[in-house]
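Which chain is which? They are A, B, C, D, E, F, G, H, I and J, in the order written, and residues in each are numbered from 1.
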Amino acid sequence: MDFLVHMEVGSIGTGEDANRLLKQEADRAQELAEMGLLRRLWRVPGRRENWGIWTAKSIDELHAALSSLPLYPALHITIHPLATHPNDPNLPLPAKSKD
Amino acid sequence: MDFLVHMEVGSIGTGEDANRLLKQEADRAQELAEMGLLRRLWRVPGRRENWGIWTAKSIDELHAALSSLPLYPALHITIHPLATHPNDPNLPLPAKSKD
Amino acid sequence: MDFLVHMEVGSIGTGEDANRLLKQEADRAQELAEMGLLRRLWRVPGRRENWGIWTAKSIDELHAALSSLPLYPALHITIHPLATHPNDPNLPLPAKSKD
Amino acid sequence: MDFLVHMEVGSIGTGEDANRLLKQEADRAQELAEMGLLRRLWRVPGRRENWGIWTAKSIDELHAALSSLPLYPALHITIHPLATHPNDPNLPLPAKSKD
Amino acid sequence: MDFLVHMEVGSIGTGEDANRLLKQEADRAQELAEMGLLRRLWRVPGRRENWGIWTAKSIDELHAALSSLPLYPALHITIHPLATHPNDPNLPLPAKSKD
Amino acid sequence: MDFLVHMEVGSIGTGEDANRLLKQEADRAQELAEMGLLRRLWRVPGRRENWGIWTAKSIDELHAALSSLPLYPALHITIHPLATHPNDPNLPLPAKSKD
Amino acid sequence: MDFLVHMEVGSIGTGEDANRLLKQEADRAQELAEMGLLRRLWRVPGRRENWGIWTAKSIDELHAALSSLPLYPALHITIHPLATHPNDPNLPLPAKSKD
Amino acid sequence: MDFLVHMEVGSIGTGEDANRLLKQEADRAQELAEMGLLRRLWRVPGRRENWGIWTAKSIDELHAALSSLPLYPALHITIHPLATHPNDPNLPLPAKSKD
Amino acid sequence: MDFLVHMEVGSIGTGEDANRLLKQEADRAQELAEMGLLRRLWRVPGRRENWGIWTAKSIDELHAALSSLPLYPALHITIHPLATHPNDPNLPLPAKSKD
Amino acid sequence: MDFLVHMEVGSIGTGEDANRLLKQEADRAQELAEMGLLRRLWRVPGRRENWGIWTAKSIDELHAALSSLPLYPALHITIHPLATHPNDPNLPLPAKSKD
């Protein structure tokens, strides 16, 4: 099942601690991608927010993935469950858009 | 550039006219997919709404695509512009999920 | 998976047509209960709205169940996906409360 | 009478104090379940929020139960009173869902 | 148990039909007052809305009372359940205020 | 004139200082009740909020009463002015409800 | 007592009927001004809405004035009760502003 | 041009510093009144908010006046521009209302 | 003075009448531009809404310009008054963007 | 492509540090103007907010520009993408308005 997930990143401080946290977040995101849970991730321009497409076999699996993120305590997350649409072309998205 | 687009479908009547309209909508969606504009489309479960990932070279091109939909006069559309995220795995989404 | 589902019932007219529709709705609700999809249903007091606990194997199955309701075209539905809580006593709810 | 209760958990700190508090919360939830007040509890995925089905003989009894929770000072609670629905199948919910 | 109930009155048409409906509403309100369900009723100034204090033994009894009002199909109702407050002076309200 | 007043109580700290403040609040509420300003007071179940019926000869008198409460700096207050309703039964509310 | 009153004017049709209604509204506004109830009235630019300062001895008197307006059935009214401010210069407003 | 201005006063601390600030605010309000910019000011009862009628020759002049207030850093201000209404009686408001 | 103006276009029907109206709207927009009132106009992509920059000597002049639009009865307008910003580069906007 | 951008400035402290930050912000705004990204900037009167017209070749370029502002960590930004409107007069805005 696919889920559209919106995340708003709250205060994570500054300096080395914040940098280490962001590095850990990137590492965990890559792991979740390799496990097939995180598919796509976009930044909301001008904001510390992102939209992602996540795929999970159950809501519990999705919750476990999200709460495993190092930034989880600072995240305000909204989940939009997605159902199949008959008009979905299911096209792969292009490689990182180079505007 | 990628855009997350939310559509709420208003009243389109019933009967043969509505069916013809829905058929035209599916045809146009397929054309826009072949042109690379519409990438993915999901239904909001329990509602006449959908979320889509659209790719366009400009905001005007996106507007032209959306307003070319046969259902356009009945749609309430919200566009979320998307920026590149450094943690984006850019994975192809799986083929139509078979829960 | 469990889902908390809120339904607001829009205009369904009056007279025999409305009564027949309500009878069909009750029949379909019973079928969905026998299939194990609809578990509990409560009325919002003073309103034409209800809260229900639904169980489905996927979001698509939930959507199919909801959209099979005869009242579906008149419903405004909001789905809250539910995850397991460690403190859930998982108690059967009492038989119809007789205040 | 049944009540649908939504709880948002605010800041409870970290470390041993927080763990002790969460343990006390789990103990009290079990007591309230044994008293028949708390029936079901689900986590909102991705958030520190939960939805519960509570049964009480009066609003004062419900308030007493909720305000007896160790986390009460950190909770933002919304109560939805529930009335009987004629289409309620009153099915026991399945044992902890194993997705 | 006491409930604070807000009612917004929708369109009830005009002319004799509306007048008859308003007369029936007044009669039913008086009956519910004699049964001890409706205690106080105030108009929201400048609007077709009112606030009332209702007393009922259960949520189902409250729903039955509200849905027995002739204007019920035109009402948008919001119920606020009330718990006992230790500082409540429980004073009778003065007879109709004569400003 | 009657007013429906909603109060949300913000942070008042803990310990002896908070207890003394709550005692002073109860004393002042009793005085305002004896002066005929505060008529009824209910707790919003599960929240640090209350609904009250207040009677005052002017908006300035109401403001003076509310701002004389020891908790005033911590209160977020919303005032709903009330007009006379022709269907008001003007029944005394029952003595403290014993559910 | 002074009140800040916001009015949104709904549909009043077009043609001679609407013109007659607007003329009656202007006449009634002048009467209410001569009675000292309506003090000032401004248009919200670009909208069919207005802000007014009204003075009344009671909420019932204010409601009676507002509901005597010929446009009353088409108005959506919001009343903001006003208390005296110690810094109020209480200056007469200038004659109709000639920008 | 007239403007309806709403101000919400945030935290200004307590003690002598706050008193001095409030005294400076009152002095500056009087100056702005003498300059014809601030015409009327009312307190929102029960809240640290006020509504005022301000007159300025331009939006920049209004901004300069508002930002010259000693409390400006603590204010959350909303400006409603006002246009002339044909039914405005343009009555002077009564001297400080003595309810 | 500059104003940021948002317009939502409601129902204007279809066919020749609508086309004539849109032509009249375009003509009037050009006149207002020649008078220096309307400076820039953009479409909200995917919606029947627009954002414009308008310049007027007073709020009354702005209201007169907006209400002179043939589509005015179908418009829902929101006006944001603008003050001078010290960092404004005041650059001419580029000729019609050709994405 | 043009974008309407709203910025709300959060807390930036006071004293010399804040002044230096504001000076850096002004310098960077000028650089972005010289690069053709920032076209116009207005202050929301009475608030620490501004509206700007920005021009960028892509959403990523816009995000890079906004996040390069020294005040970026304190900004709450909302981006409204703009499409071409057929009635746009595309007039240069007047030199800094002198009301």
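One rule holds for everything that comes next: a contact is a pair of C-beta atoms (placed from the backbone, for glycine too) under 8 Å apart; a residue touches a chain by one contact, two chains touch by 3 or more.
Predicted model, so just to flag it, every value in this text is computed and none were measured.
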| request: Work out which of A-C, E-F or A-D repeats the contact pattern of H-I, with more than half of the residue-numbered contact pairs in common. | output: A-C
| said: Distance between chain A and chain I based on Cα centroids, please, to the nearest Å. | reply: 39
| query | For chain E and chain J, what's the span in angstrom between their mean Cα positions? | reply | 52
| Roughly how many whole angstrom separate the Cα centroids of chain D and chain H? | 46
| said: Going by the contact rule already set, what residues in chain F reach two or more other chains? | reply: 1, 43, 45, 58-60, 62-63, 79, 81-84, 97, 99
| task | Mind listing each pair of touching chains for me? | result | A-B, A-C, A-D, A-J, B-C, B-I, B-J, C-D, C-E, D-E, D-F, E-F, E-G, F-G, F-H, G-H, G-I, H-I, H-J, I-J
| chain J to chain A touching residues, read off their complex | 5, 57-63, 66-67, 75-79
| field | chain D to chain A touching residues, read off their complex | value | 43, 45-47, 97, 99
| note | Within the complex, chain F is touched by chain E residues 1-2, 4, 25-26, 29-30, 33, 36, 38-45, 50-51, 53, 55, 80-97, 99
| field | In the complex, chain I residues that touch chain H | value | 1, 58-60, 62-63, 79, 81-84
